[in-house]
Structures are given as C-alpha cells and as structure tokens.
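Consider the two complexes below, in which subunit A is the common component and subunit B and subunit C are the respective partners.
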Partner chain A sequence: MIRRTIGWLPSALAFGVLSWALLDLPANPPGLADAALRSLERSGVANPVTAVLLNYRGYDTLLEVAVLLLAIVAVWSLQPISTSSVAEPAAPILSSLLRSLLPLLLLTSGYLLWIGAFAPGGAFQGGALLGGAIVLMLLGGLFRRRLWQRLALLQASLWVGLAVFIGVGMGVMFGGGRFLEYPNGHAGNLILLIETAALLSISVTLGALFFGGRPSLDGEPPPEANP
Partner chain B sequence: MIVQVFDTVLAVLLVWLAWRAVSDADPLRSVVKFIVLGMMLALSWLRLGAPDVALAEAAVGSGLTGALLLVALRRLQAARSSAGGSPRKEQP
Partner chain C sequence: MTDAPNATFLLAGAALFALGLRGIFAGVTPLRQIIAVNVMGNGVFLVFITLAARVAGGRPDPVPQAMVLTGIVVAVCATGLALTLAVRHRQEQNERSGTSPP
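Here is the complex of A and B:
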C-alpha cells in the first residue's frame, strides 16, 4: 500500500508540472511557421516538415542518425548471437506470405522516401517500414548463412547513412557555404541523396536491433529456447 | 457531433490504455496494450493534423518498438526457463 502511494506521488507531480506548462503557454505563440513557409521555395522540397528536418534543422537530424548508430554499437557490445539459429526454414504460411509481402513493403518504403519531398513521408518512415520487412525476414528465416558471412557489408550499411550525411555537410563547405548549407538549386538532390543513405542505415539498424546482438558465426548451435 | 464523440472516445481510450499498459500484471498483455496505445496515438496525431508524426508513431513507436519489446520478453522467458544453462546464445 505504501509502495503504491510512493508510486503515485511522482506521477501526480509530473502531471501537475506538465498541466501547468500547458496552461502557461501563450495564447497566440509567434512561432516560426511563417518564416519556414517563406523560405520553402529555396529549401529544395515542397513538404515543410521535410524542409525543417533535412534543411533548416539538418543538424538535429544528423544527430538522430548518429544516435541510431550509437544504439546498435551499444547493443552489439553486449553479447554475440549465433546466426545459425536464424537459418532454419520458416513455417510454410509465413514464407509464402513473405514472398508476396516483401516486394510490396520494398515498394512502399521507396515510395515513402520519394514522396517525402512533397507530402508526409521521408527517410525515417520509409526506413521503419523497411526495417519491419527485415524483421519479418528474420522471423521467416530468410537470412541464409552466406549472407551473414558478409559482416563488412552489414557494418557498412549501418554507418553509410551517417557517413553520407556528414560527407554532404562537409562537401558543401568546399563551395564556400557553411556546414550543411546546401548551395542554391542543389538542395533537392542533396536531400534525396542523404535520405536514401539514411533510409538504408535506419532500416538495417532497426533490423539489427531486433536481432539483438553482434552476429557470431561460430558453429555450435544455441540451446533450444521455446517461445 | 460524431467527430466530438470520436475524439472523446479516443482521448479516454488513450489514457486507459496507457494506464493498463503499465499496470497489467501480465507482461505480454502490457506489451499488446502498448502496441494498441501506439496505434491510437497515431490516430490522434492524424486528428491533430500531423500526418508525418502519425506515420512515424505507427511505424516506429508502435510497430518496431512493439516487436523489440516482444522479442525482449521472449528472451527473458527463455533465460528464466533455462536458468541452469548458459544464457549466452539464444534464438532471436
């Protein structure tokens, strides 16, 4: 009973502080929406959310991609997980479902990436969808042993998003701009390039997080764990 | 009128799901409620006119976090049931 009361206190306190913060907001905040919409034409994309994420506040998104890389580095440092456990063939229903579902997921994630320049979508949404496809492939046992042996390829797809982001950010400095200050007229293409690399890294990172550890290739089978 | 009813039901459902997700005694039911909470949250973002956030919430907040929680749960149970054996290598 006492433990419950102690649990309630911080909750009530957090609720009070948050309510106060909400009520304390100015009625008509000035906001930055007008400024963001005014520069939309020069941002290279037609969707204001993508313009904020990849152009005006590109630095924040760069750090988000870095956080994802840090997360997978942390998970990989915990324990190795044998890849032999995922090579087993899946149940027939799952594998036939995957055969028709995976191309659709791939197509939709590419569509989300492309449409992000004009409408809601983008690298994170498309990457999450593709990451979900990788999770399904892991569950369906579609990763064969040969694929896991290319660990360098897996590692490269984990960091390529951050590398391209930093590379583009530094590259535009040679043109006389500042870090991540895209030159006029090239912003759209540079954003698409960054987003494509980020999509790959985000999806592989999310799939690798689901796998849950650094893939180890040593032969011994893991102890049988029934779900 | 029907829109107000929908929004009210959604708001009440959100609070109830959030409460049940942390208070349910069975971890599996907690995780399922967390996933449903994510979907309802995505729906509320849509109602608030933020489809970008709704997409991210549905895909990352609900889908992938839910999958991560489920696999973590399964590994915890596997580690608990084979307490004597080495917990080093487990099925993903």
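Here is the complex of A and C:
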C-alpha cells in the first residue's frame, strides 16, 4: 500500500509543478499569429498552418519527413515478415465494406491535400487518412501479394516525399535563393508538389509500419534491396 | 490567471502527462510503457493546442498547431518503431529461454 502511494509521488509532483507553470503563463500572449498572417500573401497559400508547415518552418517539416523515413528503415532492419500474412482472405463483410469505403477514403484524402492551401487540411491529414485506408486494405486482405513484393516500388514511395522535399529545397537555390526559399509567385505550386509527394510517403510509411517489418517472400531470404 | 475553459484544458494536459509518467515508472510491460508515452504525448499536444487558442486577437496561433500536426504523425511512427522493438525483444527472450513457438 505504501509502495503504491510512493509510486504515485513523482506523478503528483510533476502534475503540481506543471499545473503551476501552465497556469502562471500570461493569459493573452502576443503569439506568432500576427507575424504569420502578415506574410501570408507571399507564402503561396491562404491557410496559415500550411504556410507555417511548408514555408516559414519548412526546414522543421523536412526533418520530420526524414524522421518518418528513419522510423520505417529501423523497423525494416529489425525483422522480415512473410508477405503471405497479408494475403489472407478477410471476413466477407469487411471486404465488401472496403470496396465501397476505399474510393471514398482516397477521394477525401485527395480533397484534404488540395484544401490544405486554403483551410485546415494538408499532407499530414490526408496522409493519415490514406495511411488508415492502407491499414484497412491490409486487414481486409485486399493487398495482393505481388504488390507488397514489388519492393522497389514500395521503397520508392517511402522515400519520394523526402527526396522531392530536398530536391525542391535545393532546386530553388539555382534561382539564387537559399535552401527552401521559394521564388516569388511559385511558392503555391512548389508547396503542392512537396505535399503530394509527402502525402504518398506518409501514408505508405504508416501502412508499412502497421505491417511491422520488411516484406519478404515466403520461406526465402528477403530479396536484396538496391543500395 | 487564465480564464476557466483554458485552465481546464491546461490542467487536463498536465494530468495526462502525470498519468503517463506513472505508467512509465510502473514499468509492468513494454506495451504499457509505450501506451504511457503516448498518453504523455497527448497531454503535451493538448497543452500546445490550448496555448495556440488563447493568443491575443481572435485568430489562433498557427505555429503550435503546425507543431502538433507533425507531432502526431511522428508520434505514431515512433510508436510503431517502439512496438516493433518490443516484439523483437520478446522474440529474442523466447529464443534464449528455448520456449520459442515454431
């Protein structure tokens, strides 16, 4: 009993200190909203959150996309998983539900990607939705084994987001700008390009994480990846 | 001092963080600890969003929102990696003790 009480002590202490610190914060700080809105016209998008993500703090988001790639590389290095486990036929209700649900999920994630320039939405929301769709497809057995066995294609969709991000970031340097400094008037298109690639990578990464390992052929050692 | 609804969210965030901390220290199973880290992370997200909502002058601050947005996806990926590590750890333990299922 005493040990259990003592076990809660650090948490109680943390809660006390955190509450005190949080409640002591200024009630109406100026924040960065004004700064973000002031440059919004030049950012290429009308949604301040997307402007922060892909323009003002593009470097940050670039590294976060890199973290996603790092996570899936680490998972793949841990264990190969037989692709036969994804080809199991699912319950008929799930697979017939998926047949009508999947086009809707695909459409909605594309919509989220597009609307991100004007309203809440963007690559991360769309990617999460599409990632959920991929997980559902895995559960429903709709992923044909051949699809997962095309490792090169799978790998490409994992790293294309980071590659396009870095490519655009360095590409604008040829125009005289600095890294990720979009030229005037092209920011909107470049952001959409980066977000489309990031959406693909985010969703496939989430789906591959759910798979839990590097896809490998049954009973054979996994095929050698291209260096 | 903050107004009441904001204070509620901030305290809830701190409570989630403290609960997660307890889950980590209790350390019953890796799965429980991974869930505890997620609970802690959600507390942090809640605090961030609340802070974004209460800046001066109408529109919420987009910077914390953007951080939470990417943070959620990164947290999911980190959880996936942690779960894979936990599974692998368990497999190696089983192999070492010779009770590994075929």
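In this section, the second predicted complex is superposed on the first by the 214 of 227 C-alpha atoms of A that agree within 3 Å, B and C clash if a C-alpha of one lies under 4 Å from a C-alpha of the other, contacts with A are read in each partner's own complex, and residues count from 1 in each chain.
Operating definition for what follows: contacts are C-beta pairs under 8 Å (C-beta built on N, C-alpha and C of every residue); 3 or more make two chains touch, one makes a residue touch a chain.
Being a predicted model, the structure only gives us computed values, none of them experimental.
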Superposition-derived comparison: subunit B or subunit C, residues of subunit A touched: C
With both complexes overlaid on chain A, does A:Val49 touch subunit B (first), subunit C (second), both or neither? both
For A:Ile72, is the partner it touches subunit B (first), subunit C (second), both, or none of the two (neither)? second
First (subunit B), second (subunit C), both or neither touched by A:Leu23: second
Please work out whether A:Asp60 is in contact with subunit B alone, subunit C alone, both, or neither, and reply first, second, both or neither. second
Figure out whether A:Phe124 sits in contact with subunit B (first) or subunit C (second), or with both, or with neither. both
Touching A:Phe210, do we find subunit B (first), subunit C (second), both, or neither? both
Would you sort A:Leu138 into first (subunit B), second (subunit C), both or neither based on which partner it touches? first
Where does A:Ala12 make contact in the superposed view: on subunit B (first), on subunit C (second), on both, or on neither? second
Shared subunit A surface residues [contacts with subunit B and with subunit C]: 49, 79, 122, 124-125, 128, 206, 209-210, 212
Taking the touch rule as given, give the residues of subunit A at its contact with subunit C in the complex, in rising order. 7-8, 10-12, 14-15, 18-19, 22-23, 25, 27-34, 36-37, 48-49, 51-53, 56-57, 60-61, 64, 67-68, 71-72, 74-75, 78-79, 122, 124-125, 127-128, 202, 205-206, 209-210, 212-213
Where on subunit B is subunit A touching in the complex? 51-52, 54-56, 59-60, 63-64, 67-68, 71-72, 74-75, 77-78, 81-82, 85-86, 88-92
In their shared complex, at which residues does subunit A touch subunit B? 49, 79-82, 85-86, 112, 120-122, 124-125, 128-129, 131-132, 135, 138, 206, 209-212, 216, 220, 222-227
In their complex, what parts of subunit C are in touch with subunit A? 1-3, 6-7, 10-11, 13-15, 17-19, 21-22, 25-26, 47, 51-52, 54-57, 59-63, 65-67, 69-70, 72-74, 76-78, 80-81, 83-85, 87-88, 91
